[in-house]
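Notes follow the structure.
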Amino acid sequence: MAISKVVKDVGAACAGIEDGMTLMLGGFGLCGIPECSIAELVRLGVKDLTCISNNAGVDDFGLGLLLQERQIRKMISSYVGENDEFERQMLSGELEVDLIPQGSLAERCRAGGAGIPAFFTPAGYGTEVAEGKEVREFNGKPHILETALTADFAFVKAWKGDTAGNLIFKATARNFNPMMAMAGKITIAEVEELVPLGILDPNSIHTPGIYVQRIFQGSHYDKRIEQRTVRTQTASND
Amino acid sequence: MAISKVVKDVGAACAGIEDGMTLMLGGFGLCGIPECSIAELVRLGVKDLTCISNNAGVDDFGLGLLLQERQIRKMISSYVGENDEFERQMLSGELEVDLIPQGSLAERCRAGGAGIPAFFTPAGYGTEVAEGKEVREFNGKPHILETALTADFAFVKAWKGDTAGNLIFKATARNFNPMMAMAGKITIAEVEELVPLGILDPNSIHTPGIYVQRIFQGSHYDKRIEQRTVRTQTASND
Amino acid sequence: MLDKNGIARRIAQEIRSGWYVNLGIGIPTLVANFIPEGMEVEFQSENGILGMGPFPFDGEEDADLINAGKQTITAMPGAVFFDSAASFAMIRGQHVQLTVLGAMEVSATGDIANWKIPGKMVKGMGGAMDLVASAENIIVAMMHTNRAGESKLLPACSLPLTGVACVRRVVTNLAIMDIRDGAFHLLELAPGVTAEEVAAATAGKLVIPDHVPEMQFN
Amino acid sequence: MLDKNGIARRIAQEIRSGWYVNLGIGIPTLVANFIPEGMEVEFQSENGILGMGPFPFDGEEDADLINAGKQTITAMPGAVFFDSAASFAMIRGQHVQLTVLGAMEVSATGDIANWKIPGKMVKGMGGAMDLVASAENIIVAMMHTNRAGESKLLPACSLPLTGVACVRRVVTNLAIMDIRDGAFHLLELAPGVTAEEVAAATAGKLVIPDHVPEMQFN
């Protein structure tokens, strides 16, 4: 019989999170971020966090909310533009920042979940990203050794999830969520729609429930758009 | 506009396959194997092949058909039981065999497709699989360095595919097919059902068309069952 | 003395609610038959399914739905299918709480051999090397002696190894033993079996506590 | 002299049928607007889509469907969504035939810098380091000089590098140049631009052949 991962709300989901922990948070920009969990982290007031997330949100949304409250000691990301408070904290030295190539970040999370402690990649060779890292040539091309990333807690946001923790993401809101789900010692999934067992097609699951320890029905999704770009009806009729 | 990968039949799909090439073939046991392509390889009579496949078929089906015709010089697999001709050729030295742990085989194919030339895994440490390989300790546990696998041609069998080469596999017939699709210089997909563009849910594709160079509508699938196991109606009514 | 079903039944009692379990070919496969109804346990098969169900009814077999032993199976509600790389990511990443597998030999230091007899039989390791190198909790299910009557619990394995220092517990037709500090530690005896009989059938160092209880089946 | 759209239009002519193409933020994004109707080309965006379409109509934006520049987009028939690890598997594995990206500096040896100005601006490299280290075919799209009028085509980059010896071709508002043997080789001039003007705006070694044709737009 399937293992139930359902907890009653975001409060129950976030039990056990402490100061100084390492957290992973899914999302790309503001797309597919665990909005409810971030709000709860602000409410809990946990501090000295190391946050692994591709981006750092904007000033008043996403991880920007934790930055405003000075809850983050270190960010591990690939791109941190579009956030004035972030830039201020980083340039003043309040915030430690580790910038990682986006593909290496994704693969390092997957490796952390997949029991692969290290792998070689060409990304970053010859740049400051390679400093202190082993370099080895394969097929005549230099590669650097990158190590796995894991986290005490991983937070992911899915479109649909069932009681066994199986998750389906929507469109490009998938992004880093599946790998971070793999790499969390405890992975908390918030979903737009929590469905009973047997509803989701077993052939179309993006994250198997084995990676999810707690799941809850999220609410009040803002789903803010960072760069609203549209074309005009006329242009398309040409 | 999507890139069409459709070729008219298995003959067109297999153009360019030559003696001495390295081929990958998806499938686990007889489940999810590229039946039409294997039949064509027999018909073409290409020899001295190196075949990378989790298993070697049975005497009269799957890769066993190529073994019968002595077309394979070397097999790279994880499990080769259930095949008398295979055992005879191996013990007589006619056939070179490289046995690889199943998880390492899968990951090495993925690595080959993903541009990761090597990675560390604990599998096989302390066994003959580790002979000649670099050993390194991570988190107090010894790991061995495994390298990527690629192939001149990869053959995969999918349940549904569209003209852009996007593939969906069914149940456990997925197995090695997605990683081998990634690792083939030319990947040939045969499908039970070839559908027009826009029919498959873009959220539920297992193998994106970027990995598929040629796709064709397969026919006459035998889908043989290796171990038919059933329970009786009465037993279940207890 | 236990038969194969008895071994499987005893191992089933080791399984806890909330566990993901990988069962190998042979005796381990039988373990699934003894999980209490309603217990939250999911079976993983490394060819690509989580939530494996019982064998199908006659006529309902699906060639596309098999387990790692190539047997036709069914999927439980909440099951998931995935590819082989994803499957071994779960295994290597230690997301599976228990692995049960058979063996040809087990050593008193926890080594296991189960994939090759040089010059005679080479079936391959399949997923066994990944499983034993990765799992934190491995139970070996096997007969205590081979067909020639020789002990399969040895000071050191004579066959090519599948993994080193990885087996924690062995359940045989005679007994349950834990492996630590270079010895088999007798935990429970099969019904009707004496510690002396286990000692006689065990070539590796065997530690016998003062009191060894008989296995209980609930 | 070309404007940004002119640069994008000229780069579009480099694209061949059957190619998968990754377009970076800025000028590269505009390239998609100049692909002939019906040409078999698919755009990849590294946040997880293959088969990216044009911007949505007003009111049809979907917060869950964006490109790597965080802009709302649409999906073409035959599009696929995937996760970030799968996306960079495609990129790192060289399954994408062309990468077009912007730069702050490019050197005559093919180095590129586009992610950091020490002490001033640190936005991060995003996917750029993976893209430039992996792609076999990289075109840089940028203005020939910066706002201060200084050349962006240098003997060596002064800013922290994004990748080394990776850029093969540069398309600017003034010209197209190939990079090889430690020099920029002038291939085509933008309409109304002379080789002397390009030479004056190029700090790195520039090789000017006897005859340099003007860009043609079809």
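Every chain is named by a letter (A, B, C and D) in the order it is written, and numbering of its residues begins at 1.
As a working rule, contacts are C-beta pairs under 8 Å (C-beta built on N, C-alpha and C of every residue); 3 or more make two chains touch, one makes a residue touch a chain.
Here the structure is a predicted model, which means the values were calculated and not measured.
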- Between chain A and chain D, which partner chains are common? B
- Query: Which chain lies the greatest distance away from chain A when centres are computed from Cα atoms alone?
  - Reply: C
- Message: Using mean CA coordinates as chain centres, what's the gap between chain B and chain C in Å?
- Response: 28
- Item | Whole-Å gap separating chain A and chain C, where each centre is the average of the chain's CA atoms | 36
- Determine the centre-to-centre distance between chain A and chain B, using the mean Cα coordinates as centres, and give it in whole Å. 32
- Note on the structure: Multi-partner residues in chain D (2 or more other chains touched) are 75, 81-82, 88, 91-92, 134
- Specify, in ascending order, the residues of chain B that touch 2 or more different other chains. 107, 110, 114-116, 121-122, 169-171, 202-203
- Determine which chains touch and list them pairwise. A-B, A-C, A-D, B-C, B-D
- What residues of chain A sit close enough to touch chain C in their complex? 1-4, 110, 112-116, 162-164, 166, 182, 197-198, 202-203, 205, 208-211
- Task: Give every residue of chain D touching chain B within the complex, in rising order.
- Result: 17-20, 37-42, 44, 50-51, 75-82, 86, 88-96, 134
- Considering the complex alone, what residue numbers of chain C touch chain B? 45-49, 54-73, 75, 81-85, 87-88, 91-92, 111, 119, 122-130, 133-134, 160-165
- Message: Which stretch or stretches of chain B touch chain A in the complex?
- Response: 107, 111, 114-122, 136, 138-139, 143, 147, 168-171, 201-204
- Show which residues of chain B lie in contact with chain C when the two form their complex. 28-32, 54, 77-82, 87, 90-91, 97, 99, 101-107, 109-110, 121-129, 159, 169-179, 206, 223-233, 236
